[in-house]
Amino acid sequence: MNRKLTFTWTLAFVAAGFLTQEAAFAQEVPKPAKMTPEMTEFWEPEPRVVTPGVNNAAPSDAIVLFNGKDLSEWKAKSDGGEAKWTLKNGAFTVGKGDITTKKEFGDFQLHIEWSAPDEVKGSSQGRGNSGIFLQDRYEVQILDSYQNRTYANGQAASVYKQHPPLVNAMRKPTEWNVYDIIYTAPRFKEDGSLFSPARVTVLHNGVVVQNNVEIKGPTEYIGLPQYKAHGKAPISLQDHGDLISYRNIWIREL
Amino acid sequence: MNRKLTFTWTLAFVAAGFLTQEAAFAQEVPKPAKMTPEMTEFWEPEPRVVTPGVNNAAPSDAIVLFNGKDLSEWKAKSDGGEAKWTLKNGAFTVGKGDITTKKEFGDFQLHIEWSAPDEVKGSSQGRGNSGIFLQDRYEVQILDSYQNRTYANGQAASVYKQHPPLVNAMRKPTEWNVYDIIYTAPRFKEDGSLFSPARVTVLHNGVVVQNNVEIKGPTEYIGLPQYKAHGKAPISLQDHGDLISYRNIWIREL
Amino acid sequence: MNRKLTFTWTLAFVAAGFLTQEAAFAQEVPKPAKMTPEMTEFWEPEPRVVTPGVNNAAPSDAIVLFNGKDLSEWKAKSDGGEAKWTLKNGAFTVGKGDITTKKEFGDFQLHIEWSAPDEVKGSSQGRGNSGIFLQDRYEVQILDSYQNRTYANGQAASVYKQHPPLVNAMRKPTEWNVYDIIYTAPRFKEDGSLFSPARVTVLHNGVVVQNNVEIKGPTEYIGLPQYKAHGKAPISLQDHGDLISYRNIWIREL
Amino acid sequence: MNRKLTFTWTLAFVAAGFLTQEAAFAQEVPKPAKMTPEMTEFWEPEPRVVTPGVNNAAPSDAIVLFNGKDLSEWKAKSDGGEAKWTLKNGAFTVGKGDITTKKEFGDFQLHIEWSAPDEVKGSSQGRGNSGIFLQDRYEVQILDSYQNRTYANGQAASVYKQHPPLVNAMRKPTEWNVYDIIYTAPRFKEDGSLFSPARVTVLHNGVVVQNNVEIKGPTEYIGLPQYKAHGKAPISLQDHGDLISYRNIWIREL
């Protein structure tokens, strides 16, 4: 490209004194022409306004998946029927069978709060186990990891069997935990092969525990994960037989 | 690699019935041998325990850069002398000259709260302007962007002149704003050229506004950014002449 | 996940001697269970067979864009009419107006050979200038860069005005140059914003000059590039008024 | 940043007619100021000149690892003694024990030619097996994959047990194969953990078979790869008992 050395160029040379006799015998390498501040100021598109929430409440553009009142945004995963987990005190507690959102999502920010059972029993994976399945496939582990050793890539805030959390930021069983999850969905080629893996950032109680890690494929309890092409998909919560409670769940599409 | 088809392999074939007569004439492609759950369970290294803070307080492994009492972690940028910004009510307010941390950092998570001046005056870049310079070079913009249009890549939570925020999650001038910043430092080759650019994720009042974006180089008010090799470096805060206040600043090295 | 500590697990502990009295008081951290070689051997899908070419000839799965005989795979960019560049000795030489392929492409490998005019005249961008526009937008520069200084990000094998080549691997004007280009198309979100930028690797005469660099947007002679969403698109060749010749052009979709 | 709305800015507004009465009531959004071509033209640093080779010969800046005459750039991997593989007709053939380069490398471009034994015997991994270990750890598989089915991630040009080649571009046993390998070394953090994985692009006989794939860790015959921090390291060639021949080996540091 560049049709020819422009007149402007010539002016720039002159202005810079490049054409003096001395310069003719020295290094005459031009520098990029000077810019003005306004050349790197982009007004459009204007970022839309979002009113943030107070104390972890949903921002104005969020889809509220649970506001303490009902499970109307959820259904049973097995048959699509009513989500029958137990509702109490502005939270719900794991009941019979996994549940899944009625809506489907691509890239998103998810806020979710959860609490391990007050009664501590079992150990390792047997204590306070549930899970959040991003796009119904990629599990961010829920586990009572307070003074409860298990495999690192299976403790709370791990990408289950793929990435241990950077640190263990777990609160005590009687306290509420918060996950803030930033999720980028995988992309696939036309032939169904993987173009780019899913990625996830997780803050656990405000502490970074996953920093844009690559998810290796759908969570597998046994064996190695392998991607299969898919589109938008719901958020699912796992019934692992333990009485994990959830509250204040909202999601923003990115 | 792989010295030869092993005995185990043969067993796997037999077990899977691959050697029946029918199969001998059809596709006899082996499948990967089955695994057990324990093969993907990694106990070491154990993520260390961090006690999270309550209500945005510093987690146990954070370096507290400002706890409301003094500016002992900061110095004047110009001459390395005392940081003389104004201390009041558990916050400090911009004073004469930029300030910078005494400590230096590489990759980190930074929590910082700030408030625009209660008295609203000026417009665009002239209203409530300051800035946080990650590693003393890469600016996350501080600006009173509440009902104050400016160029998108110069408003609050922009990577200044590089990336507009995804949305405008600004609170009113009388309220406190929170930035949670996850920063990955750039890496350089031995010859000083760039290996990988800096990256940053920003939550503004709990709303994702930058999602692991690539920083293009040191912030420039005029012209295009260009990387120069550097090592660990401090966090700096800008005196832009406006009375921005700061409080509750902590950082965790990643 | 993980219903409970399995029987297998118990066996593994025992087998490893973890339950001896000594171990009971020491660190009893399990190690991942041992695998067999066949667990990481994946036979499907089988990579399809491609017969490579000899001396830069097209592999069996390539689309031949120019085989020395005719311009039937090309059309005029201006009006879609016949591509009227000059055909001679198994090559074609730049004529009036840009030309573009009739077919469109996404990700691909492109092989293209080109030669600067034998008569050396002009300097900087004025000597032997043309260009290959990947997806009709992203230019890999063609220029006689043999002993011809110009701006680094405008010389042969640059991503024009974005990335200088790592080195100048130019042959003399009377000789043929080869570009082997590996191109990954950009991906866009549903709202038209950029998901992932285009990327390109270039070998110039067998020497790596671009290594999977990120393309910043459509090539601009003036100003900063900005992505706009698009789908598959053709390869275009630029008429810059200089008599660059081309031969042996083939492409493989990736 | 941005001290204040500058005089230039004001001029820009006026020039653009933004301050007319009509505009005062409409959208008065500025556009980035116009640039000139010279603002995006960077002359420095000038890419250094490399004279490319003819017919796959080494470019002028390459380190020649084998030029057909002797094994002086290699040593035995086991004891650092003389590399005793068989030299004949400008090539060398696998002998007793792995060999490794005396020099160590970080990021590089590697050109290497190899030929499977003329006498075809054995099958799957048992036919014409050797391997190139990048940085002594990450294997690009050498195997006679001409009409010889094996597991996809173990055939010629696979990243062994990690990434099958995109296609099988193998030549017949009596012919020479070429690998052009572009390798980016992994980077590690100060604490030894992984910062960024190794990446590799491979052209097999001119056909792209690996496109900047992420290497998962050191090649393992059994089990899952796991990174351990390391610095520069040599190129190694594997003695797998088969009479693979090598010739024309050169490397360029990137």
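The first chain written gets the first letter, and so on, giving A, B, C and D; residue counts start at 1 in each chain.
The criterion applied here is as follows: contacts are C-beta pairs under 8 Å (C-beta built on N, C-alpha and C of every residue); 3 or more make two chains touch, one makes a residue touch a chain.
Please read these numbers as outputs of a predicted model, since none were measured by experiment.
Participant: Listed by label, which chains are in contact with subunit C and with subunit D?
Facilitator: A, B
Participant: Taking all residue numbers at the subunit B to subunit C contact, is the shared part over half or under half, that is, same or different?
Facilitator: Interface between subunit B and subunit C is built from largely the same residues.
Participant: Can you give the whole-Å distance between the Cα centres of subunit A and subunit D?
Facilitator: Inter-chain centre distance comes to 32 Å.
Participant: Of all residues in subunit B, which are in touch with two or more distinct other chains?
Facilitator: 2, 29-30, 32, 34-37, 40-44, 46, 149, 151, 154, 161, 221, 224
Participant: Chain touch graph shape: choose line, ring, star, complete or other and state it.
Facilitator: complete
Participant: Using the touch rule from the top, collect the residues of subunit C that touch subunit D in their complex.
Facilitator: 32, 34-37, 40-53, 56, 59, 61, 109, 111, 149-155, 161, 164-171, 180, 182, 184, 199, 201, 203-208, 211-212, 220-224, 252, 254
Participant: Can you name the residues of subunit D that touch subunit A in the complex?
Facilitator: For subunit D paired with subunit A, touching residues are 2, 6, 8-9, 12, 29-44, 46.
Participant: Residues of subunit A touching subunit C in their complex?
Facilitator: 1-5, 29-30, 40, 106-107, 124-126, 129, 131, 139, 141, 149, 151, 154, 160-161, 187, 189-190, 195-196, 219, 221, 224, 238, 240-241
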